[in-house]
Every structure is written in structure tokens, then in C-alpha cells.
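What follows is a group of structures, each given as C-alpha cells.
Here subunit A shows up in two complexes: once beside subunit B, once beside subunit C.
Right, the complex of A and B next:
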């Protein structure tokens, strides 16, 4: 049966005419978007194309985008799995059994083999799953309305979901009428696909069956074509743009922004949409508005103006609006950074990000919100000198005295005045212990430095420090957009390390760790950088530390720091060390591992006042207190300050203490 | 300046003085050493201008050898007031040049008082600050700090914790994200001395810390430290000052 040839030549004209029209609409919009995205700046090069392509394809097929976000609390992704896998079968079906079979008038050739028989069986099982997935989606979005989908009850989403529903329904109608008409899929004898066969019993009037079949065929195909056109204009686009975004992903590490060419003022930051790199514009097109990012974002969660989903939406709106003007070399009409309108990112949002990386971790289409936010900060700091007042001190102090507090550099080695330390000297000392500003100057965090020193000595490690010559690593400056001063600091540090022959570095702070390891790597360094959590794990594994269990720590709860966990994937080392030291697996918070919740200090927030909404550290401390710990274990001096302050503010200091992993280990040393 | 051609010009390193000195030095194409902490004249008649350099690690003494006048701004209160010496016979010339409004780039339209209401004080300008932290326990207890401050002619400041707890307005916060202050006397009561607080007050001339925890880091920067309960110590100090004052007034 072929409803196309049934209409004679007209049928073919209609079939191919409609198909070409839809393809035309699709390609036209695709080209338009390509042009818009190409307005972006050229950026880093991409290598390993084949490997990338295979990975991206693999991700789509195994639906990594969904699996990474399916949790006990949020199973919405399962519905998506049903739809996508079902869709993959449908697309294959369309190609072989509609475009080739019906379109070329050879349905009999295609349908008289076993494969077709098998395939209709498969489709019979797939179709209900698509229906389940879609109905589930509609119910969740419009009736249950979980927090993640807040503000997303749009008509667009509903129309899309309904169009998904039409595929399986019209398909089953088509096969059922085919069976009723006495042309069951051949090859399997009487074993016809069960669902379609059941439905076929509805069609008893032999006179109208052919008409019904024709109806189902044409409505089916017209809907497929409508969807094809919609793909290019609606969020459907994510299936293509999302996969492309995965394919063209920047190489890790996440959270390390691109280096900029300081000789080219046009790259000092972004305040016009075409100053973004093209990959960043592609990001904006790929967003599927799933809301995972807004759900995990500590700023959104505590009532700040920042919502990573909206940042991406605003960039897209801005591009669509300004793109045509920019193409014609005219000035943009909508400011990229501005208040209270869709298409402009509010200043307050730009400053609210802690660069915790949560959004990037969960984004199913690998959007890198943080890179975009830092680019806008770069513009505000470097071109306009517009930034929160408190940062002036930070910038000046770091530039002039190479530490955020402006303390005399001569005081850097004071933390070690009561112990014996060696200066780092290549050949004489193996490891450089890079203490960092907090570890050197902050009274509380100096205890961590001392604990690490004790552990290194106990493990028989040969180590040295830079003492008063140590400089700030520049982490906060970079995340705050002050690339110019960061660049200088980075070069100074790298030169000093190279001059002194530093090869292996132990850091106390995850921020120093990330900066020395990943940010400086952009300057061509590849020394070994080890955070103390990892280093201590190594010492324990090699049995170089004699630990004697631990007395009065009580229930120990572990907090993942963003720059150790999410940005660098170090989750096991601290937990293992805790388990070995305390003889108990550490207790965990609800938000943990890669879904951990920021302490509130990253991205330069260690130096900023937080007066809007709830304090992020209060939120996190409350979450910790729910587990009723005696000790909270952190691995970062910033987390230390945030937890200690939060615990004091919430009047819990009597019950809970905060210790760094190194302090816990040092206490357990014999 | 062009009329008198002085050898040396000294300006106070106040907000206004710093702006003015820089502009004058540029106009006269001469050097300027900002923020000096010590001054002297050597036997060749050169002004020796001493100031901390390289982040306070060394004291640099700077000479203006090739240009005249020799200019320096001097930090307020860094030099002690010498006793009056009547053997010096210099004259003070008062010059009030006529200033034409067209020469001034800035025009003052209106003076707006940014103090919200009469009570608010600018702690950054105060010479004596009595600050309280979480150790104060409640808003009411800040009364005892106010009494001490009144006695000393100073104002009350606070740590961020006290602001957080709602005991003090945010304008009174001293520290990293609050105000940086350099009073003659800073009295920290029930403040542990977190680095975020220290950076806002550690260059005060005299720091007195009252804290019951003798390990508290505030004692690392304190000129005088008192370990004990502030609720006993502060009122005692206030009373003693009152006592001394009445004695002085009588005697």
C-alpha cells in the first residue's frame, strides 16, 4: 500500500514538495543561526576531531546528558530517555520506510522482507514508551511543577511535547489500517505487531479502510515535516545544537577561562554579543531550558539575581536581536550588560557567581556558563572599572603586595616561626610546599599549614617553602575578571618557579591547586601539582604515616570544595584519608560529590560582602547541621572561614567544630 | 609658589592635601614624595624624605637633587609635637591668591549631607574607636562601649559578626568588607581578630584588645592586651577614666 502513488503523479509532487519545503525552512534557519554564531570571536583550536565525534555520538546514544542528572529526587530524565531512544528508532524508520519506500514508490520492495516485519514489532514496543515519556513530561511540567522547572510553563514547551506525542499515535494508526486492509507487514506470517494488530480491529468498515490509511499516512508525514521545521526555530534545536556543543566542547579543565591577548584591546572582555567566542554563542543556541543549572546554582538558590539559565537565555536573545544589525555593521540596539529586560544580563547577576561550576557540571548540553560570566566581568573590570567597592582593596593589595589583605610580604613566613622549615632549593628539597595567602596570613588557617608541615615531616618528605618570596597565585583576580594583573602575577610566579627549579608542588588550598595546575598550564607549564588531600592519601598508602585512630572527633561530616571536586574530580582522596584516619566512613550531606553546594567563597566572593538574599554559607551550614555532626571536615581555607563564620552566626559553635583534613590527620599522628 | 620660590614645600597627607600636592608638583615639574613618615635636612640642604617602601618592608629615604622645590606630603600624626622653641625667628607669610571661578574645573552646585540622620558617625574619621564583636552578646550591651567611647571622645565600631547579628548598623563595620580605620586608639572588645577584621584596623596607632581567650589572634596585633571578661573590664575602665578626669578637673 502506498498512499503516495495512490494519488498518482500528484502524490509524488505533494510528497516531495512538502518534504522539500520543510527541509528548506530547516536549512534556511540553520544557515541563519550559523551566520549569527559565526559573528563570535575565533577562539582556541580544537583537535582530535574523530575522537570528539565518536564521544559526542556515544553521549547521544547512551544519553549521558540524562543519566548524569537522574537522581532519587529527580527522575525526570527517565522520560527523556524513553523519548530519545524511541525517536532514534522512528528516525530510522522514516528514512527507510517512508522517504525511500513511499517516496520512491517502492514500498513493496521494502515491506516484503523480514526486516520490515521485525522493525514494526520493535516500533510497536517503542511507541508506548514515547507516549509514557511525553505524558510524564507534560504532567511534571504543568501539574507537578518541581522547582527545577520553575518559570518554564511556556506554550512552546507544551506544543513541543504534543508534537512528540503525534509521532507514535499516527504511526500506530498507519500500521493498524495497513493490517486491517489485509496488507500486514510481511515476513513473519501471522505474527503481526501486537499493538497495531489490536488497534486494527477498530477498523471494520472495509470501504473506508483505504481512506483511513491514507489519512494516517499523510497526517503522520506532515507532522514529521512540521517538526523538522520546528527543530530549527524552537528548543527542539537542542538535539542538533546540543550534540554539536558536545562535539565542539572546549578541552577541560572546566572553570579555567580562555587566556586573552593583552595586546588586543578588543579582547579585554565582553560587552557586545559579537565579542563572545563563537563557541559561547553556540552555547546559547544549545540551551534546552531544562533548568538543571538553576536548580544547583547556589546564587539562584539563595535569592541572588543570578540564574545561569537566564544568563544563557539573555545571550541568545541578545544575539538574535542584535545579530542582524551587527551583520550590517551597525551598532547593536540592545545592551548585553544591563538591567531588567530580556536580552541583557544584569550587573548584579554577573557579580553573584561563585564560579562553583555546578551549572556546568549538570548541564546536559555542556554549556560553560562560567566562562561567559567571567568574560563580562573582564569587561566591567578592565574597560569600565565598574565593580563592587570592596574589590578595590583586593585589586590594589594583590597588585602591590601580592596578597589580598595587603599585609607586608615579610610576614609571609611568620606562620612557620615556631617550627623548622627549609627554603625550597632544587636538588636539596624535592617538593615545594606552596602555602598560599590564607595559609600564610590567616590566623585560623595557619594551623592548617602547620598541620601539613607536621605530616610532611612525619612522612619523611623532603620539602621547602618560598617564604617571603612566595606570591599570590592570582585565582581570585582571574575569576573576578582582572586578567591584566593576573597575567602579571602568573608570569612572575612561573618565572620564579622555573628559576628555582620547582618541579613538584604541594598546595594547601584548592584554589592555588587549580590555578597553579590548570590556569598556569595555559602558559605552557606542566609541573606536578598535588593538593594535600591527595598527597596525604599517597603517604598513607605507602604506609609512611603512623596513625593511631582518633579520639574526640565524633561524627565526621565531609564537605566537597568546588575547586577540588567539581573542577578537578578529586572526590575519593579526602574520603579515603578520613576513613583510614578515623576508622569510619565519613558522613555525607544530601548535596555532595559533583552535586555539592558551594561554601560561598569562590570566584572572588571571599572578598565581597553578601547582602542580598540568604548567605550561601548559612544555607550550607544549615544543611550540614541537619546531619548532626561533631566535626565538619573541609579541605580548603576558604571553606574553613565560611563554615566557621556560619557556625558562629547560627550559634552552633558549642556543638560543632570545623577542621581541615590535614588537622585531623596531624592529630592522629603518633 | 612662583612668587616665593620656596626650597621646600610640605603638605599634610590628608585627603585634600594628597590631591593638591600632586597637582602642584606636576605643574612645577618637580618631584613629590607622598606619605612621608620622617623628614630631615642634610648638610647640603637637601630634604631627606623618609617613607616605607616595598610594602613596608624597608624605609626608603628619598632626595630631590635636581629639581626645586622639594616637595613631600606627610602623614598626619606620625611626628610628635615638639615643645615650643622661641629661638626660631621665621616669619609666617599668609598668601591668599585671588581665584577666578573660570580657573576651577569643578563647580560646586550643592552640598549634600550623606549622613543619613544626625546620629550616624563616620568611623573612618574618628580618633578613638571602641569596637565590639560577637563577645558583646547583645545589642543592649553596646551601651557600655558607647559610655567608654563618650568618655574618650570617640565612637563605637564593630566587627561583621555584630553587624550580622543586627546589633550594629553596617556603616560601623570595620574590616575587609567594611571600613578601614586608622584611629589613634582602637579598643577591640570581644573581637577574636579574624584577618578580615584585622586588615581594617591594624594600622591604628594604639590597639587595646579585651578578650577572655588569650589565644585570640587579636592579641598578635594589640599594643596592650587585657585577658578577661569585657563586661567587668570595660565598665571598670570607664569608671577609672571618669575618676581621673574629675580629679584632674578638681586639681
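Right, the complex of A and C next:
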């Protein structure tokens, strides 16, 4: 039976004509999107093509995108697994047993063998899974309506889910007619495909079986072709764009935006969609609107006007709207920033991001929201000098006095006035202890610097400081889009470190850590940067610290800071140190590890007002208090400030104290 | 029409200490900044430029490294920067300084009519608040000090209307142009330079006028032209405070005691 050749030449014309039409629609739109995406500026080069391709392929097959988001609370991804894995079988089937077999008129060759038999048998089991996955998806989206899918009950999504459902149904219908007609797939003897066999009993009228077969075949193929056409126009696109986005991912750590070229004015920031890098535009096309990012985002969660999903959507809409004009060298019709409509990113959204990286961590298709947001900040700061008022002081203080508060640089070493410290000198001291602005100037955080100094001495480490010559690392400025000044600070720091022969750096602050390690790496540096949590773990492992149990810390709860955890993958070190120091595994909050919740200070927010919605630090402190700790352990001076402030605001200072990991260790030293 | 902002580069006084032995400022390693009041003067001149289409010039008298501060002014939007720098100008007090600045403004006025000269109320290193008025007097400009708002500039009637911030009250004053306006910090919030402007300022020339250009009599400029002599600079001794009453247990009585004492010492007026 071959419903194509049964119709003679007309059958082939119809088959290939329809196929070509669908492929044409797909390719036409694909080309359009390609043109739009390539309006973007050039981006960093990337190499290792084969490795990348294999990784991306592997990710698709094992569905890493889903596994990273399946949690006890949200099992939606499981349905997706059923569908995708089922679909991989179907796609293979389409290629061999429809396109090649029927399209070339050789079903006898393709189907009269054991492989076909085995394959259809397997497909009989796969098909129900797709049905289950899809029905589950429909129920979740349209009846259960979890927060993540809020407002996502669109017709488009429903049509997509229904078109998914049609594949297994038409397939089984077709195989069943084959069996009913007495041509069961060969090769399995008595093991005929169970589902199709069961269905085949419904065909009692032998005369109409051939017609039914033809019907199922053609309706099946037409639906496949409809889906092919739809891929390029609907959210189905994520299958391709998402995989491409994975393939073409940037290598630098997330949260580190590209360096800009100060000779190229078009790179000072983005206020037109074609000023984005092509990769950022591809990001916008790849979004599958899953909503994972909006669910984890601390700004969205606390009622700010930022939703990372909508930022990406707006970029895409803007590209679709303006693209045709830009291609014709005309001015864009819809501004990228600040209009109150879809396709334009609200100013408040751009400033509300704490660059915590949550969105990028959960995004199944590796979108880099933070890079996009910083690029728009860059435009606002560098091209328009438009930013929240509070930041003026920060910018000027950092530029003039190399610290956010504008305190006299001569006071930088004051934190150490009561202890003995050596200046860093290559050859005489091994490690540079880079204290950072908070550790040097902020009264509370100076205690952490002292604790670290004590630990380093106790461990017999040879270390030195830069004293009053130390400069700000520039983290806040960079995340806030002030790349020009950051660039100068970075170059000054790098020159000083190189002049003084610095090779190994211990930092107190995760932000300094990230900046010295990852941001400066873009300037070709390759020194070793170690955060104190990691360093202390090393000391404990090497048995260089004599610890005496726990002191009186009560229940210790650990908070992951974004720039240590998510941005740099350091989750275990502080936990291990706590376990060894207090002899107890630290307590955890519900949102922890890579799903931790920001303290609210990152991305320059340490220096900004927070007037809309709930304060992020209040949200986090409330979450912490639910665990009823006596001590909250942090590893970051910003987290320290945010937690202490939050605890004061929530009148919990009597119950709970905040300590840095270093303080806890220093207290336990004998 | 030209609006001119006068700017002084000063040591960052938050970082200056006085050597108790010699009574002089320890300037070593102390960075220079634009006098904070002058940044508001500059900002106001730029706002006038934006609003009325003036050309904005900025002038300063100081050592050659003042170019840095003037470049910043260019980055913020000034169209022209003039530095008055010559050995013979150095060591000037307010009399000699206002003389040189006034002469420079005259030179600028030969090329283009000057509408207003804007100065900061005072500098953070000298704190005299005399240079602005000095310039106005020498040039016979209207003199408007302590201005916290420029309300209107009427170019046909050649008048300017400003608001002066006085103790406990405001005063609206109208005066004929040209005028010298000395501003307080509340008048505006200085802007931040954009990167293209910064880059442009780096390649814009700062005009440097020395005394070969200015041709001023040496006995009227610099140290020689300055009748003021600084005898001594010192940090005043702070006497330790005194605890009055028992604020913890009898706050009301303690408060009364405090008020009485302050009135006695003439710190609080009734």
C-alpha cells in the first residue's frame, strides 16, 4: 500500500508539491529572521565548533533545558520530556518511512524488513507518551494555570499543543489500517504493534480500509507539513532557535557583558535594536515564553516593573517592527527604550535589575538577559547621562576618589590600624589580600577584613595589602552601564597589579572576585583570584587552621550570594567550611544554591533607592526568619548590609545575628 | 551672546590636612577637583545655553594642570575653555584674581557680547566669596549674589530676573544685563558627561592665555598685586563638650537646661 503511488504521477506531484510548499514557507520565514538577526552588530568570536555542536546536540537529546527546571514544585518539564523524546522518534520515522519510502515510491523496500517492524512496534509505545505529555500540558496551562504561565493562556499555545496531539493519533490510525488490510509491519512475528493492532479491529468493513489508509496517510502528512510551516512563525521556533542559541552561546561567564570598543561610537550602548549584537537578537527569537525567568526574578517577585521575559519579548517585537525599516536604511518607528507599549523596554525595568543572574540560570535556551539589560544601561549612562539621581554621587565618587562613598583614599588602610599588616611586595609576600571598598570603609564590614586577616595569619599565609593605593574594582559601575569609567578603573588596577607583580589575589567580596577574575580577564589577565570562602576551605583541608568547635552560634543558616554561587558556581566551599567549623551542616532556605534569591544589592542596587514594591532584602530576610536561625551566614559585604538592614527593619535583631563566614571561622580559631 | 562660567580648581579639601607644626596645607598626594560651587555655576551656564542658545565659555586662573578641570567642563558641554596661567599670576588673593579674570572677560567681550558671568558663591579652599563680586565691580556688571534660581532672561529688554536665597527668606531681583551671578549649590543638580562629549573634550583645545597675551601690569597680578598675606593657617582646637543634666532619667529638665545654656552662650536667639 502506498497512498502516494496509488494516485499515480498525480500522487507524487501532490506529495512533493505540498512538501515543497511547506519547506518554502519555512525557509522564507527562516531567511527573514536570519536577515533580521543579522542586523545586529558583530559579537565576540567563538571557536571550538565541533565541541559546541556536540554539546548542543547532547543538550537537546538529553533535554538539559528541562532537567534544570524540573523541581518538586514545578514538574511541568516532565510533560515536555515526553513530547520531545517522542517527537525525536517521529521525526526519524518521517524521514525514513514517509519521505524516503513513500516520497520515492519504495515502500516495499523500506517497510518489508525487520527494522520497520521493530520501529513501528516501538512507536506504538511512544505515541501514548506524547498524548499524555500534551494533554497534561493543556490541563496545566488552561486549567491549573501555575504562576509561571500567568497570562500565557493564548490561542497560539493551544493550537501548538493540538497540532502536537495530531501526530500520534494519525500515525496510529495509519498503522492500524495497514494491519487491518493484512499488511502488518514485518519482522516481529506475533509481536505486532499492540496499540495499532487493537485499533485495527475497528475497521470491520474490508472494502473501505484502503480509503481509510489513504485518508490517514494524507492527513498525517499534511499535518506534519503544516507544523513545518508553523515552526518558523510560532513558538515552535524554539526547537531550532533554542538549539542554535545553545550552540552559539558566549563563552565568558554569565553576567560579564562584552567589552566595548571606545573607538566605535555605535558600541557605547544600545538604544536601537540593531545596536544589539546579533547574538542578543537571536536570544530574543529563541525565547519559548516558558516563564521560568520571571518566576525566579527578585525584581518581578517584589513587584518592580521588570520582568526578564518581557524584556526579551520587547526586544523581539521591536526587531520585528523596526527590522523592515532598518533594512531599508530608514529610521526605526518604535523606540527600544521607554515607550509605554509592547516592543519598548520600560526605563524602570532597565534600572530594576540586580544582575543576580537567576533568569540566565534557569533559561532553558541560554538567553543572557543581563547582557541585554546592561547594554541598554550603557546607552542611558554613556550617551544620554540619564540615570536614577542617586547614582550621580556614586559615579563621581568612584571616579574621583575610587570608592562609592567618596571617602578620602588615604583612609583606605584605616581598617588595619589596630593590626599588623604588610604591604604587598612581590617576592616577599605571596598573596595580595584585596580588601575592596566595603571591607575597607564600611564600619561593619571592616570586621570581616579583620577576621580574614586573622585567619590568614593563623594559617601561616604570607600576604600583603595595597593599603591606601588600593582602588575600587569597578563592579557597580560596570553593571550600571558606566563602561567608560569602569574601563579606566580596570586599566589602572591591572597596571598596578602588573607593576607590583601580583599573581594570586584573595578577595573579601564576591563582586571584587567576579570583577578581578572574569571582567578583567577580558583585558588578558590570568592571575589567580580566590574568594575567602574557597581559600579558607583550602586552609582547613590542609589542616592549617586549628578550630575549636562552634562558639555560640545556634542554628546557622546559609545564604548564597549571587556572585559567588550562580555567577561563579561556588556553592560547596562555604558550606563545607561551615560544617567543619560548627560541626553541623548549615540550615538552608527554600530558595538556595543556584535558585537562591538575591539580597537586593547587586548590579549597583547597593547604591540605589528601592521605592517600588516590596524591598528585596525584606523578602529574603522573611524567608530566612522562617527557618528560625540564630545566625545567618553570608559571604559578601553587600549581603551583610542588606541582611542587617532587613533584620533591623523587621525588628528581629534580638533573635538573629548576621555573620560573615570569615567571622565564624575567626571566632572558632584556637 | 556669551555666558561665561568661572571655575577654580581646588585641592579636594576632604583630603587636605593642615600640618600643625608649620600651619600650612599638606597638599602632597591630594587630588584636585573643580570647586563644588563652581560646578553648579558651570551647570547653570550650560542650562542657559540650552534654553536661550547662548554660547558657553568657561574660564579659570590657575596652574597648567587646571586644564584637566577645564576639559571636564568641555565634556559637560562648554563650547570654549580659557585658562589664565602664568607664573606671575600665582599667589594671587581675591583682589588680584578678580582683576585677571575681569580682564580676561573683557577680552572675550571684545569678540562677542557677554550676557552673564556665573560664579560659584565661594571656593572651598579660600571661602571668601569675594571673587565674583570683585569681577562684577570691575566690569560694572549688575551684581547678583546668593542666587538659587534664574527665573527669566529677557534678551530684548536686556534684563535678568533671579531669586536670591537669604536667611529665612527669598528675594526676587531684576537687574539689567550684563550681570554677574554668584550661585548657591541649591540652584541645580550638575549633569554627568556623556562618553561622546568626553571623547570630544579630549581633542578640543583649551586656550591658554599667559601674561604675554594678557599684557597686564605685573604689580597688579599675582603675589605682587595681592595685599592679603596669610599669616597662619590652623585647625581650631575643639574643646570637649559638657554633659548637661540627666537626659536618660529626666529628659525634660535636661532639654530645658540645654536651651538655657545655649541662650546664655548666645548660640540660640530668642
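FYI, the second predicted complex is superposed on the first by the 670 of 670 C-alpha atoms of A that agree within 3 Å, B and C clash if a C-alpha of one lies under 4 Å from a C-alpha of the other, contacts with A are read in each partner's own complex, and residues count from 1 in each chain.
Simple rule for what comes next: a residue touches a chain if its C-beta (ideal position, glycine included) is under 8 Å from a C-beta of that chain, and two chains touch if they have at least 3 such contacts.
These numbers come from a predicted model, not from an experiment.
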Subunit A as common anchor, with subunit B and subunit C clashing or fitting: clash
Contacts of A:215 with subunit B and subunit C, given as first, second, both or neither: neither
First (subunit B), second (subunit C), both or neither touched by A:104: neither
Subunit B versus subunit C as contact partner of A:607, first or second or both or neither: first
Partner chain(s) touched by A:16 [first = subunit B, second = subunit C, both, neither]: neither
Which of subunit B and subunit C A:384 touches, first, second, both or neither: second
Partner chain in contact with A:94 - subunit B first, subunit C second, else both or neither: neither
Partner chain(s) touched by A:392 [first = subunit B, second = subunit C, both, neither]: second
Which of subunit B and subunit C A:484 touches, first, second, both or neither: second
First (subunit B), second (subunit C), both or neither touched by A:408: both
Location of subunit B clashes with subunit C - one stretch out of 167-175, 185-193, 203-211 or 239-247: 239-247
Overlap of subunit C and subunit B interfaces on subunit A (superposed complexes): 400-401, 406-410
Interface residues, subunit A side, partner subunit B - complex: 390, 393, 400-401, 405-410, 441-444, 607-609, 611, 641, 645, 648-649
Partner subunit C, residues of subunit A touching it in the complex: 262, 265, 268, 381-385, 387, 389, 392, 395-396, 400-401, 406-410, 484
For the subunit C and subunit A complex, residues of the former touching the latter: 12, 14-15, 29, 31, 33, 189-196, 198-199
Interface residues, subunit B side, partner subunit A - complex: 54-57, 134, 161, 164-165, 170, 176-177, 180, 193-196, 198-199, 217, 220
